[in-house]
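First chain A sits with chain B, and in the next complex the same chain sits with chain C.
Now for the complex of A and B:
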């Protein structure tokens, strides 16, 4: 007897509708905008690929993209090794484990705009605890509202403070899953602490680190709220990252066409780099 | 090369987990640690390997005091009961790992790995990862690592316990050959008396963190110095009973008695304990097995060539183990015959007297 029928489609339908409404339709709207020009009144004119061509030649876009890669590169370079190092120095058993884990999780529980506001107040030169201390106690001139270098240091330290915990928790999960027997075997092989790290801990952490790098890349590449609240993209345009620039074009200047084109390219870059990271970091397992 | 333990102890919390232990383990033969689970075999191995701290006492390797040395510098190998190989490395890299750490030249390293892989029949799978191997191959990979390293001491902690019966026999036959002539002190922990006998060499009988007796395996099997040693080195469990000696006569319970001979006959009259292994209590009479004992059969086990019966006799619960298949009826009385010349006679405190 034949038991096949087409009923299964009904079970997929809700998900299909959900994805359509929250991803596909908005995405197609953006695609739609990206090839048109509008002056309001819901009047649109066909523009072809002009916005994409303009964007590719735009110095403003290149500068924002460069700043974005610098920001993401720096925070990855700091957060990944720092997170692994902290995870390795955390206790594996006993009373302190839960205290360490909760302490580590705390920064991640704070909403993004609150983090930006906190660090803004914390680092203001005259009233912020850190700003005042640096300027008036240690005598180091520090003003993230005026000085480009200070602004960059502040947004990077803020991100490291906010998100290193994620790397720590993921690495820690990878570390505690290593059976004691491997450590014993390594000791008996005569392995130094570095060799244990290089040949046992690191390979065992590879999967979680791949996820950590991917998550941190995507999150930091799309970051908006924290630097916007902290520096507003300034001084000048020095901390205007891609997303901040995008919002300026889309909602500040109301240039929907160029903004849509930029969104699509932004999305394509994120997707491409994520795919690259993932492919490179998992290529050994493919064997 | 020798491994010498002087009054070594291990402490867990407030308890002495390994009581002061003295042993001299030498090269050229297997040194078996025999005892039940929890007797302290693994603990002792971990102390010798430096994986656990020694609470007091000294450990000498080749005459050199290594008590304070860490594991990394001791030049030893350890094979566990469960198969420990680095999962992300190939079999080749696993075997080579201790040599790489030691900074050995590439050509020599390849020779050594090839030799070890050859002996353990791992040549066709050098490029595979451990999870692509069967259990027996994984354990052979761990053994190859121990052999390739050519360390001063090799600790084998029940290495065959997790293998199936056939593989276990095969590897056990190969083991003495594998390590022969390599100059390493081989320490082998097992909970099976039969395995100790098959491996030969010397055996330390362990119980509750103590070495009950240490000596040539065959010798201590034949001459256990205490009742405890006899109990550790017997499978099935050795049969024990109290006897009363009067003149030349040994009396067990109300009805069983026999004439004592040899040393035992010269003992002072009084109460003693005898112990006799199950294979000297038979369901049929022979010239040696001559003392009749009536027993109520409780459990019987038949293996292909042997049959054993657990029976309740007047003085205690005993076991008989005999060649061939015997038609026992569970729940009925059977006649058994004990060989008195194979009885160990112990004083009430458990020391051997005859």
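Now for the complex of A and C:
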């Protein structure tokens, strides 16, 4: 017998409390800041929606948002196909499986700020392994502190290095769950390698790929530490992503009101795009 | 359509097999006649799936050859052998409709779309899935999914052999009957050779005209269901087929007569010359009756299985089962067991070692 009642809510209550204290209440203080102006000493002046209006018209915000979308878009375009390709070329059984998996997982174990510092030193033109090699062995002028293009290439390569593994591991988990019979049936049906990928592997990986895209989107859209340590947002403002700009406004200029408004809009965009991804990628399942 | 010949087939999963125990298939010489309905019966791990995969071309045997109508196909890949295989778990292409699933093997071979349409509709009709053609295959029930995977095999009209690898494992019991009779019907309509792998004797005996019984990588007997039941050539067949299986009783052979628990037991006929090694008497519970004289035994257990009772009695420390209709003794009773002479045989080292009466 299935009884229906509202008792389940009691089980959700502890989580609700936890979320209230670590997310909802702090966020409400941000909402509070976003509609007021303060000069310290707990003095607040009502501003209404001014900060939001200013922000929507701010070219600085538009530029940072554009850079953010470009960064996230590029890393998704590289990491998802690359991760799937690597997962597909990994062995499915035998001695090499664990070695591949551990090697793949290693970059993800390194803390963000260490990754930033590592790549910073790695790319220094005169002493960094990569920087020296490019400049003095191959003769390619490369200095990410001076050249915008070099800076962008560096932050993207760094993120690909750090996080493609996540896509690899998730795709791999999807791939190994495919029973051998599917491959055998495809062979008997005379399917090409592409058909096997298109009609067996990709559909079976779809769920884990949805998760991979979501995780990578959220993480890269909110990225702060690595590019901040690596480029500090430069040269100029060329790699000043949303979060770096936000910290500049909030803690550099101490404009708490505009920064609070920006946080809320930032949050809303992240939420909206995540929802879009999720809805689009799972819409077939509902049928 | 083709006759399939397996010639001196051996297969080992080890790269350098040392002894017979390293072989999953020990030595198989077998002919599958064109259009036959075969069952490959044996316990899990006896090598039947290996054999199937070798016929379909998913595995290349370590030694020996496979011939389709005298053409050597040992090293041909599966798609060039024109075979179909249905697996234990239904394999369907989730993102396609039922129609596209059925059309897939034909399109892969570059068939014109108009011909594809004719074949697909024909097969759908046969499998009674015509009304599902537009449906997404992922949403089907397991038995319909299994029908579709069968259909993908049958859709090609040049198919040499259709192989089923325990195809009813995931099907609900009440649908098993339906699907099995559908299979039988398809066999009669399509007339392709069918090989049905199973460890379930009921499935094997109801589907097949000829049953191939395997044990530990060897074929122990090939025969019709009746032959397997009436005259098993190996104690394994006797024990594996039947419920309960044949009684296999250790015995001594002296001067051409068999003695069980010190008492002589009449056999169906002469003992084959030179029969030695481990000798056993084999008699099916169906042919053991309770009488006034014979082997003395004590009833240990009586089980009512509906149609009849299975009496389990102890002769010395040896268990003997008897199928009894009508009145049954009580537990602990002293009884006498009588073996039907024509159905009592001697086995030496597992293999039949008596001649049928009048045959010798």
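A few notes on this one:
We take it that the second predicted complex is superposed on the first by the 270 of 287 C-alpha atoms of A that agree within 3 Å, B and C clash if a C-alpha of one lies under 4 Å from a C-alpha of the other, contacts with A are read in each partner's own complex, and residues count from 1 in each chain.
Convention: a contact is a pair of C-beta atoms (placed from the backbone, for glycine too) under 8 Å apart; a residue touches a chain by one contact, two chains touch by 3 or more.
All of these numbers come straight from a predicted model, not from anything done at the bench.
Taken together through their common chain A, the two structures put chain B and chain C in a clash. According to the touch criterion, the shared surface of chain A, contacted by chain B in one complex and chain C in the other, consists of residues 181-182, 184-185, 187-192, 195, 199-200, 203-204. Contact residues on chain C toward chain A in their complex (touch as defined above): 53, 56-58, 77-79, 83-85, 87-89, 91, 93-96, 104-105, 108-109, 136, 139, 149, 152-153. Residues of chain B touching chain A in their complex: 49-51, 70-73, 75-78, 80, 82, 84, 86, 88-89, 97-98, 101-102, 145, 149.
Chain A contributes residues 181-182, 184-185, 187-192, 195, 199-200, 203-204, 206 to its touches with chain B in the complex. Looking at the complex, you find that chain A touches chain C at residues 179, 181-182, 184-185, 187-192, 195, 199-200, 203-204, 287.
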